[in-house]
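Reviewing the structure listed below.
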């Protein structure tokens, strides 16, 4: 088992962000994580990769209890992440950005090995010709690709993708979906938060649904879409409902 | 012994109000725009000299002079904000720190050329007040009252006037305030102006009982940092209470250890509070 | 990365080397004194840049390590007859250890909170040393004139001090470059750009910052010892001038933070400007104000600093100006 989350709860002051969340993710699978805005999806990512410590519950990564470990320790154990709000290191070049991922990721490469690895990762996401540019000068779609390249360069076992498709046009989405399938083809397990339903349904092996911090459904994509509880959760969000029902 | 302790404590507390007033200015600026104003000290010193000149050359009562100093402080703050701060507000912290420090250098430089660094003194006394074993110079009592009045006025302004409410809105969330049509550049300039105004007034109050030079603002600037951290950065009322705390400490410590240890205790406390309770001793969490 | 093949690696080192050599060949006392002050600021600014430029943490406490390390080294050589070289190393070591301990606590603070804490540390250290009797309290310590004899008299001792400072400056520049072009340095720059994102990528930020703080504090300790030995005495007011910390920040900013050459250019420019203003009949009284105006203009209009501006404007020269 790649990742086991059991009974995780997280509070911020009076706000209960996550309540007793449990799920398992098998090796080599793509799992989609969906839910209305504010459902706690990004918080769940933050708990899984050690940015936040949960008040209750456990996170087991490849058989090891990593609950409460700082995020850099989790990263070194082979879990990488692409952020929703892209966070490139603006004053470094695109290639240097990716080298950080390679140097400090699972394998902890030396600087020269990291440069080679960075070029591989940049080719994989189609950014190789921009390697020498400052990361701050990229456009949004390119920054999303950069986030993915940074995560890939770490050669992780598990990669967390937080809305890498948001804000992209359909052709850009198709291109990134191909990249995501390619990543799985390398044997990397993927947990992805996504709002673009078509994409989730297309690539995910299984889907998790969060609502107000509670896991309300888990299963195959089609099962989840047919689940009345899920449809109800989305009814509070007309736009999402339309997208969900429009499938 | 007890009498001495009491009168030293009273002295310290009265002075503490004035420290607090200076710190309220610093805290307001931080609270609204997260800028540490390193030109705070020279502004305090200019407040001293403003009062001095109006008293000596204008023959004006020092307390009346304070009102004029307050007005000049406000305008001066506008000026500093417009020239040095506005452009670098969104740059990394180092930029605002160095920009305000550059203003500090300019003020000290010009001030030294005009006033030299020899001590000046406002020769003014209101006699003193005796309560039991405690003797208080009346100027200090008036200074404490003045500090309270100015802080109260600031509060009324912040809570009961339109621009005051706008300042609070901008402090809370500048982007949201802008979306609601609050002209944030003016509000930021106004906040900076108010902050420097309070510093100048605090300087004016101090000048009625201590001799001073153009460099005298420095120690008060450092005290303001300590006070702001004790009271919680960005919390003006906390700053006034922090001022009292610091004044009280300065009054008490000398009875227990040599007076030269005072700064060790002050800055030690400052660092500890920053580390363990960065929201200040009064902060919620 | 074969750092030694980069021209940007050799240029700063060659400049400092040639500079010291010229002063040695000239053999004039006045030239040496001028160079000593200037070189001291080059080394101070460059060591500060290791923290400021690479991690983005603004420290007003750099002078603390100059003061405390210098005090300790001076204490060893004046009260316990230590050899100057060893005393300087010991001063640096003390500063480094203190920085390590302080760093573990204070580096948890971010942005302006960290800057404020370092102002507090500076004031607390000065007040503490003024009360610390083994270091002579408020009057400080003096070196017995006989101490210079073991180096062949005061004149030779001063030349030796200069040579040691020269070596220390070369070491700062070397370390500054090696850190910048290492895997460790890449992690630091990731912290500078976005600390949380860096940690998610696996950078051990708390440890990396503490190590950097330690490295950057070692050199001021060494330099402090040399400076106070040259002066023959040390006192709290001299050792912990907040404005010297700020001047170092200004120098880094003038030349360009995060660049090896930046603080060097900044230090020389700032000192040169100050020297000119102090002796100019027009600006003599207003030298501080004029320097302030100059600084303000740089911050407002050339925030990347002189070297940074040239690099941005002419990308071709980048490999020469690291």
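Just so it is clear, A, B and C label the chains in written order, and each chain counts residues from 1 on its own.
Throughout what follows, a residue touches a chain if its C-beta (ideal position, glycine included) is under 8 Å from a C-beta of that chain, and two chains touch if they have at least 3 such contacts.
This structure is a prediction, so every number in the text was calculated from the model and none was measured.
Chemist: Viewed as a graph of touching chains, is the assembly arranged as a line, ring, star, complete set, or other?
Modeler: Line.
Chemist: Go ahead and name the chain pair joined by the largest number of contacting C-beta pairs.
Modeler: Highest contact count belongs to chains B-C.
Chemist: What is the chain whose Cα centroid lies farthest from the Cα centroid of chain C?
Modeler: A
Chemist: Just the number, please: Cα centre separation of chain B and chain C in whole Å.
Modeler: Roughly 32 Å separates the two chain centres.
Chemist: Could you give the separation in Å between the centres of chain A and chain C, each centre being the mean of its C-alpha atoms?
Modeler: That pair's centroid distance is 43 Å.
Chemist: Provide the C-alpha centroid distance between chain A and chain B, rounded to the nearest whole angstrom.
Modeler: 49
Chemist: Which positions in chain C are in touch with at least two other chains?
Modeler: In chain C, no residue touches at least two other chains, as defined above.
Chemist: Which residues of chain C touch chain A once you look at their complex with the stated criterion?
Modeler: So the residues of chain C in touch with chain A come to 1, 181-183, 186-187, 189-190, 192-194, 196-205, 258.
Chemist: Quick one: in the complex, what on chain A touches chain C?
Modeler: Touching chain C: residues 49, 51, 70-72, 75-76, 80-81, 83, 87-92, 96, 99-101, 103-105, 108, 110-112, 114-115, 150, 154 of chain A.
Chemist: Show which residues of chain B lie in contact with chain C when the two form their complex.
Modeler: Counting only chain B, the residues touching chain C are 30, 34, 36, 83-84, 87-88, 91-95, 97-99, 101-110, 112-113, 222, 225-226, 229, 233, 258, 260-264, 266-268, 270-271, 274-275, 278.
Chemist: Please output the residues of chain C touching chain B within their complex, sorted ascending.
Modeler: Residues in contact with chain B: 52, 56, 58, 105-106, 108-109, 111-113, 115-117, 119-121, 123-124, 126-128, 130-131, 138, 246, 249-250, 253, 257, 285-293, 295-296, 299-300, 303.
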